[in-house]
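Below, chain A partners chain B and then partners chain C, in two separate complexes.
== the complex of A and B ==
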């Protein structure tokens, strides 16, 4: 090691990056400066498209295909200027002294090789040690980060371990050559809260243990607050604000930063209908099973949704939340039990339902990208239910289209003749809402509709849904794993675990103690905007309070 | 209102046209060459009677006359002008190949999409039938069927399009399977949409790019197979001018150091290469891959 620890390990100066599309170069990053010392963690925060990931990989002297550094940019890692370094020099650094942990471990691992072989690959490649040494080291690391069965888990293939375990295995892999710097690019975004906290704890332990410097990229403030010593906020490739974590949390200066901080304050305003009336949807004792599984995935699920009410279903992945939605929509006919909509029992298979029944219950999907046909114009996407259910054509249809676009706060003149690819993520989700509204429904199922969106955009969607509920007397079933969303929008909460409802009731009742122990685990795993939160939770958990994640 | 809509459509048509021209301008040299060659072939095929100096099957000279001022490429074994026959050949060979490919696409494409959407026993049945067809080499199968049903242009087109439809069925089914799992298909099903809407409105627009690429490749194969069949004497029948049979009819000349038989062969090769250049470019564009800068 050439440098002493007081010097900066990484120094990025005036980094400008541009990308090529539509026949010209666009600026992606406009001159960012940052410095990182050994053992320090820097958090990078911003919405999608802010240039976070681009800066993250630029720290390795790399630009994605179709992008390049602009002249004048400088990235110095331990005395070596990376923007002018040869590929060979950079290759020696990457994996050995700078490591990268990607967002989706499932997509980043090679499915055809065992985890431990992928661990040892870079060790052998960079001549750090032999394969046997790497194996021993991997087992040692796996036990340090408290992976189950550390001696044998590495000999499994990536699909044979859970998502959280794979993400931790990737963190261990990044450490295989004991790098000086690790770049974490949204490493927990794809995970449940209960798994997320374990991965976060692993990352922090490792960074402390080996005095590694790290860049932690995330759009989730509460997560970054736990991890970082310093935080920078980015927007449209510009640096908005830079400060020490506690200062940034307590005294943000810029308006944009303040708006990010304030996102989670939304509270729904619509007053739910009385529970004395008839329920819109009544799910009675439903047990369901997929054709290819041996065991049912839903057991005796029983709940009601009343007019103007929002029922949130929470639980980790695999808890049966989405299966419940599939049963209600008729995609998965239940083994036992029935679904009642507006007083009549629905045929269990959607093929046998009448147009009127199909129209009354609509669904909004998690990924707006795949939920609307990319080859249809917005006019066709939103207009189809109008002509299909209501027989509208010509001027009448045009008037209604304009009304619907106004409802979702998008200009009909501007957007009706565009294709989905010409819209942002939040706008696409609004189009999905408009399509659902076009059918004139009584009940809408929202399946994780905000989880793929940035927080500011997600809040806009929640506000919109709240306003529409008030205006149109809608009932919502809100499937989510995000408890902040639940706090914002729900009237009632249903907590699911392994296909069963473990707790249900009024929001305040479920979210206030005493809870069911699983609800307690879920609630306590949601990161808070307090840098000390994770230390407290981990201390509580190791002292034996609370329960281990249901997944393990 | 209506005027407004028309205006929108007009401008969007114009922007589409500009975009297309820009794309061609940006295309690699190989693709520009391919487009140019295809354009020339299309022109010749459409205007053969005006471009050609003589009639298609008119006997205008002696047998096997050498190249001279009157017969630029000489005459064939009956004394017909070679240049004229080659120009008309573009019309016949390319036209029949194009028609065959179209029929194959309609048949294979529709069945492929249906197999993907409906699945179950229909998918199994169609896929197994296709497997059986594909187990037999296309050329030999075509020869067998042509000798059973007789060699006429109609039979040739039908037999070739059925054989080629099996290949297109596979592609159409495979790409549709990727689309069928999308949420927007589920949303359309839950809306209560019928099969025709699902197929034509929801799936077809999303698989048109790979199918278009496949169309070019298939066209080349059909074109080559028809030429091969004609060369063997069971394809396009005299007196219709066709490149495959022209190679056969003048083949003996090669032993006399006369390269005339190579000209229709070169016409076949050039078109195949040109179409492949264009397809390569198109596939590269639709795959969304970006070159490293």
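== the complex of A and C ==
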């Protein structure tokens, strides 16, 4: 079935794709060329909206609902022109010779079927083998990629397996028919760093083991640097730059590429207020538990935040970071311990707090989309706390609205009467910041506020928060799993693991060795902009240094 | 499994509690109606003395709570009491009536449910096509037409003009099963027509609702055929809403068929109720209402159980 006649396994020429929305066609991809040989890995880098995923699945001759190839596009896979092939021809290729690994395995696995049945589905349906053969192969693959309990884990349903394991199971699933090409679409973006490194290792092992060609799509350069032989950079559907990985890292030519490389240079320069004064927030020996869980999710958590200070809380998902925020805001009354704000002990349930107490501590969320009402105009979203907490109306409110919009660097004339859907992701997050500021708070909790944003946009948000802190004497509690963000903005760092604080102190103290062993694991798992980084780390880990990820 | 059994026990207990509350409501509602059986039986001949005497004989002069407890006590022992209208044990009649009603309901359901699911799946597969529009128009028209009208149209076409099926569904105790099927086919078709639209449209909507999910796109990118994507990937996740609508329609087939039973003169529970209301035969009215209520409670219980059984998250917890 496989022919070796074509020099390239995949050849995309002048690929143009358009999508239909708002009653007209928009260009998404404007003429991309790329070539891929057997066994080669191509990295595609770009920010959201660059058209990376669209290009990725276009390699399978597939367009998302509402999108189509424009005339003149050519996608040739192993001699077959996919843009003109029949649906049936393409269907036979998909899953069998070109496989896809999605960003979120939790969403891409069908919740109604066992993992191993989803593995064997392609094998049986494409007539590659029997169900029994597929089962045996799945178990073999699961053990090759070192999944725990390889013989039985496949017989679980997707919700019974952790996110990292699912992502690895999906990589194995892509291999079920031994395809020639696998498209990896941001396969580790949703994972914690400690889990990410394990999945990356799995992908690399598999690609090497079976000599599979791959397209690796990511916004994270350091990750792609570990995986790809060549890299292309996309922006707004255009090809910006193309080069061999090391060349691309060491000598980027285009300004845009350089700006991507330079993203992680922002560092808070200003010095935090001294710790001599009274803390603005004091969390004392808090133990907390959700009503339906058997065990507490926070154990004896104890820390302080001083005025003009940014305290970053880092940890993997499930470490209790967000629960700590819920306790402080009174959404989850603790079992033991107390919260002190500005010198007074707060009632543990927010229902019993006064308006003055409520307005002093505000919150900004990860998903701006879900945190603001899509049917309210910006004026109403930001204006609501002004009238609710401060009783402002009329001209006074309008003046304050203008001030707030100026603070977040958005033109009030232009934006106050728009709806959230008319704003970009970064602008929506700025609106959330303005809403928090409208209450005139002393303390703001930022829960993963930059993790859904592109790096350049995220950096803008961090700079804004830094400037506002200086101007308004704010204290921040910054919840994040991203250590680059911590390096950029924090004064102090708290490391959490399984509901406990394992280490806390000044940023430099926590981030410089010697570390607590878990901090060490976290720090060493952050990919570096160096193609050899992963080989080194994996070698160190297999030689017995370090500890295993908390997730496993 | 233990948590499911626990949940099941909980639901059954709640169901019994609901039934108890309903029995109270039925009893109170019936007592509040003007007039009683004594007046109805005596009719024109009623004088205050004869009415009082008959009330005493029927036990209608006792205080309401005593009558309620008597009634409830009887039901708990499986005795629905005596019909005031003809003095017969309600149990004697009730058994065949319930059997007839359930027979018709199951017969109608065995046509309507598979047909609705099939049409719904096809409508989801070929959505916005001519087929989709046609099946929507037809089912919606039939649900929007009063059921007695549908019944008379079918009667006219199938039994009067074509003469294929009998126009009366007068089954008796000695009617054979095959005869029973033949005599109830027409009412079953009417019920199918009036109940199908709801189930069909829910099946279509529940499936289409899921088509935007990542796992559906994943199935397409795994090279699965369209039919398989709908049936194997979307449908298993769409069961919960579909099952709920199907069960509500089953309840309707049992409880809501009064008009159809009257049109076809079918001796089911609905007609029994209508006759009893005309005669002010309160024990019969109460018995029928309670059975209808129990039907709803039981079918909702079944819907809950099926929703659990079709949801792997509930069936196989972490």
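Note that in this section the second predicted complex is superposed on the first by the 547 of 552 C-alpha atoms of A that agree within 3 Å, B and C clash if a C-alpha of one lies under 4 Å from a C-alpha of the other, contacts with A are read in each partner's own complex, and residues count from 1 in each chain.
Just so we're on the same page, a residue touches a chain if its C-beta (ideal position, glycine included) is under 8 Å from a C-beta of that chain, and two chains touch if they have at least 3 such contacts.
What you see is a predicted model; the values in this text were computed from it and never measured.
In the model built by aligning both structures on chain A, chain B fits alongside chain C without clashing. Of the two partner chains placed by superposition, A:427 touches none, neither chain B nor chain C. In the overlay built on the shared chain, the residue A:160 is in contact with chain C alone; chain B does not reach it. In the superposition on chain A, A:66 contacts chain B only, with no contact to chain C. Touch criterion met: A:395 reaches chain B, while chain C stays clear of it. Seen from the CA centre of chain A, chain B and chain C lie at an angle of 30° in the overlaid model, rounded to the nearest 10. When both complexes are overlaid on chain A, the residue A:92 reaches chain C alone and has no touch with chain B. Once the two complexes are laid over each other on the shared chain, residue contacts for A:57 go to chain C alone; chain B is not touched. Of the two partner chains placed by superposition, only chain C is touched by A:100; chain B is not. Applying the stated contact rule after C-alpha superposition, one finds that A:188 touches neither chain B nor chain C.
Annotation: superposed on chain A, chain B and chain C show a minimal Cα-Cα gap of 5 Å.
Within the complex, the chain B residues that touch chain A are 1, 8, 12, 22, 26, 182-184, 186-187, 189-193, 201-202, 205-206, 290-293. Partner chain A is touched in their complex by these residues of chain C: 213-215, 217-225, 228, 233, 236-237, 312-313, 316, 318.
Interface residues of chain A, counted against chain C in their complex, comprise 57, 60, 62, 64, 90-96, 99-100, 102, 104, 107-113, 121-122, 125-126, 156-157, 159-160.
Taken together, the chain A residues at the contact with chain B in this complex read 20, 23, 65-68, 329-331, 350, 353, 355, 358, 363, 365, 367, 370-376, 384-385, 388-389, 395, 398, 417, 435, 439.
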